[in-house]
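Which chain is which? They are A, B, C, D, E and F, in the order written, and residues in each are numbered from 1.
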């Protein structure tokens, strides 16, 4: 039951996904309780892209992009293609021709737990891509994998239909059932951050704003002048 | 016979090298049968450069750029300087002053299996550089190495006079004798990719275009609806 | 005596720090005798920034940014915030809200031996940041650390009040007492490099300019034509 | 619902887990269709241990082992403690005192997606441990996490009660529901490998035994003598 | 003042250093408040060694062991040789011949922030070595460095005369002035750990022994049965 | 001409290879002028093995061990199997069954630029293996590669028939034509090292033995007492 293409999976709402994309990775990550982040190894192929979409997942053999060809057909407008390999690989399984096919289908971007190539062309096309490597290393089409089964990338499980948010900070997955909560919590956080931003611009300190000053003693933190400190360590 | 400077080596044609550079790393790599790529650890110092030139090779002791000084004199218009260290090192053996000297000689860029520095200045000069690290760490001039002997970088052997192609996808070496074949095969691939691009823009699928759909059964790949899949894994 | 906030430490002159920042990492590093560089793992969050300022140091528990909140209050115009964690961590301890608070206080940038987040926002704000990772991973405020004690980053000791220089080549620390010497030596190097640059633009070789040609024999380096070399290795 | 300790989870049979442990990681991994392996970054603290047990899972904040203290109480004979941190960390969250407490409870070993310490003592005790680092770096008890929720380690999801198999080749997870199939398939593989081993000891070739020789043409593989090959590449 | 050999530095007491060595890295690290550990990249060349000694420090150019030759003469019985390179290098600067010379002088071991070689011979000699790499790559003797100046290894400053403790958990530095405190605190910790060990062997839980059970609510940790948890996440 | 099996390649003498194996990696590496070492990423699967043999080379697709099956047939007594993948991979392409087949043919060991598995079984069999990873991850047999073409591993070119030397320090390649020189130079080095060892055991210093003491001034190295040094840096 592994070499399977799962069709017609339920998807989170594409508009909701887009809204979470606008909110951005760091905000939604915090709003959800600091979960779902794929970690610092996923980097954008070019800076400035910011997307949210619904995952179509692919599991490939290393050095083999057969299943990406299969997956393209399963993609719909609002999707994000999410590619995992079943063992560590940096090979460039995805490039400009795939991006062309996906752009035609309204796909918003790609996330790869391996390499991407044609970086200059992707930047010119404006097709967003995140990956763990940039590599021109080409691939074969020789070994089966799966489409739209749960995959693990960056320590997170991505189910088909989950929301994927990505920007210059990396990639976040929001489980489909958590989208309503994410929308609400992210908006609350945005409001709170706007207030904090205004306060910090006016010179307030986080120490005071977050009620930390009174707790410093409890944390065991004390203040000492530089002169005293130097005397104490001599 | 190691601490040697080899002079007057044969070079691939500089115009051919330039043509391969325009074709780009991924295209030429595929055209040649997926060989010659230096892998994902070689990254451009600044984005957007795309070059092809003929290799002048340098072998340095780690932390020592003596042989780059020696190599400059061997460079001619159309060359690319290719620097290896004989053990792993990230030190910045190359910077803006070397780039100034090489630009004067018509050299098209530099590839370093170690660090580069003066990244901002190189970007402003428009002098292309690829390296495995960015590092300001300076070097001495104390230990001999070699110029224009074969060197190994990123798992590939680079002979002096070989063509080096580099862009945002990394670096590729094309052996001098393979240049004619590379030119022909790359042009064929470009034509084929143009046709595929047009087809994908019109909505054709790679599954059909590459004749993969009929072979899915042979690969052991089957389709199942999401409902069936969920029932099967419960 | 570890969970301490040291106040009123002496600082290098902010204008001197700014001057060293304009000179740049590679130049000051060389001028001081190739010391003080934090190595290739510290990278800018966005390209093109170039700063010099005086260090306010922070030591955090991994995944915990409590002490950055404490440190903000200790920052003055001309400072650079320097954050270390007491064990390896890539978590994004610093983002746009902190940058807002620091910008209000005239802080020139931040250097983090861990992750940074809100990269797009920092780029838009023009707030410079260098770090060993980009990560949206959020943090708690649960464990005490220290402010303005010496910290080690990238193999270098940073004392509060030291000058921190950072640009696209990475980050350099100049001990407070070495600032006068750094200013003099950097200016001398800049003058020397200007002369070398002009010479290289006019076609002089480093081999001649640096008196290396006469020493090649002493280094054991010999010249051989390609034909001779090939015969010798056959 | 994240800072939760889940009690009384169902477990795979401890004897079955032990049997899979005897079969070893590589054999069970192959038998299940090459799934479930945590990858090459998980290494034994000392060589020669070989275990199978049922997972008690722990999710810790980096640098904080509070939840391991909580988890010990949930452990029963036949269990294996499985510890993840919610962002990358190498800190040594586990050492000899924990091992003493777990040994008392009949726990068979520990798997850590972070550091282990007291390696010499663990080896002397014969308490098996696998981890992604060896580190003496100590931890605090300041931030909550979870016990017996699903965790991701090495690209695999580990549910509490799953079977964990570990030996010198690393660590494998077998989902609880797959244990019967794993037992059957592993035994079949062992029998098949025994026959192959005997055949190879007698000089048979894999080319023949696995029916590969007749397919070499289909793979595009041809044979050429060294002399011909050298002439072809000259 | 950098290419200097500093003679006749004060040393911690060699017997005290030996006592701390017997206590081991993890214990002394905890006793001192979790400071001084060189991190998980320093590994023993062979398992089972456990030493404490006083540091003789060496700063080498990468790929160059000239200064180790200079440093040997400065070593006395009870010392540990501590070698840093001034930029990242894995070259094997130290091997069996150096070990022979150091053993003659009563040196207890070596710690290298680069490579070690002759691993089999060191194991046979019983000469302890810790390093960040094993590498046979040989070195030149061409560039000056320093002996007995402070060096940074693994994020820690090592001053000549400090105590270095090393075992299978890695390497720890104890500043010379902290040795009396380290001896007292380590003994206290050993006593405390012995009591904890006995308690754990008798079945007591850390939750109770460390007073954590009553604080779980304060941490926000709650207990839930597996059945309830599954219902809550469905 | 890439998917080719080259037969009947010339080999270095197996007895000579064995002699170089007894001399060991570090000695032969130095004797040849510090060339041919595959670097610190190649580690033995178990400690204590020491071999020399003649290379049979294999080039595999990542995650695919088809060509190892093909290569076994080409192996003769005295050979060492040398496996490269054409892009970075850690998968365990080689295990106990292959070792059984190779042992039957008199093969002395295996070197893999990827993963090895069945580490415990290889140790029990006494079959030596060096690799860049330990991984149980299994492989397919789907894509062609080559046997007995030159491969690049660890920055070195290995030609079929070259001598491969491996021990606890890693792996070295000696080109077939260099074997006579290697034998002579290694013996000379062994004699020289024996004399140095005896001298060091008797207390002589490398400073004197290698004539370095008189050159310290030329290197710019000066001696200063600790008291003077401290005054100079205050």
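Following the convention adopted for this analysis, contacts are C-beta pairs under 8 Å (C-beta built on N, C-alpha and C of every residue); 3 or more make two chains touch, one makes a residue touch a chain.
Everything quoted here is computed from the prediction, not taken from an experiment.
Undergrad: Out of curiosity, which chains are bumping into both chain C and chain E?
TA: In this structure, the chains that contact chain E and also chain C are B, D.
Undergrad: How many hops, at fewest, get you from chain C to chain F via touching chains?
TA: 2
Undergrad: From the C-alpha centre of chain D to that of chain F, how far is it in Å?
TA: 29
Undergrad: List the centre-to-centre spacing of chain B and chain E in whole Å, with centres computed as mean CA coordinates.
TA: So the centre of chain B lies 41 Å away from the centre of chain E.
Undergrad: Identify all positions of chain F at which a residue touches two or more other chains, and write them in rising order.
TA: Those would be 34, 39-40, 87-88, 90, 135, 137, 143.
Undergrad: Pairs of chains that touch, anyone?
TA: All chain pairs meeting the touch criterion are A-B, A-C, A-D, A-F, B-C, B-E, B-F, C-D, C-E, D-E, D-F, E-F.
Undergrad: Within their complex, state which residues of chain F touch chain D.
TA: Per the stated touch rule, the residues are 1, 3-10, 46, 66, 69-70, 72-73, 90, 92, 95-98, 100-101, 104-105, 115, 117-120, 123, 133-138, 141, 143-144, 148-149, 160.
Undergrad: Would you mind writing out the residues of chain F in touch with chain A in their complex?
TA: Interface residues on chain F, with respect to chain A: 61-64, 87-91, 135, 137, 140, 142-143.
Undergrad: Spell out the part of chain F that touches chain E in their complex, as residue ranges.
TA: By the definition above, chain F touches chain E via 24-26, 29-30, 34, 37, 39-40, 43, 47-48, 50, 167-170, 172, 193, 196-197, 200-203, 205-207, 210, 212, 216, 219-227, 229, 232-233.
Undergrad: Where on chain B is chain F touching in the complex?
TA: Interface residues on chain B, with respect to chain F: 2, 33-35, 37, 39-40, 84, 86-88, 152, 155-157.
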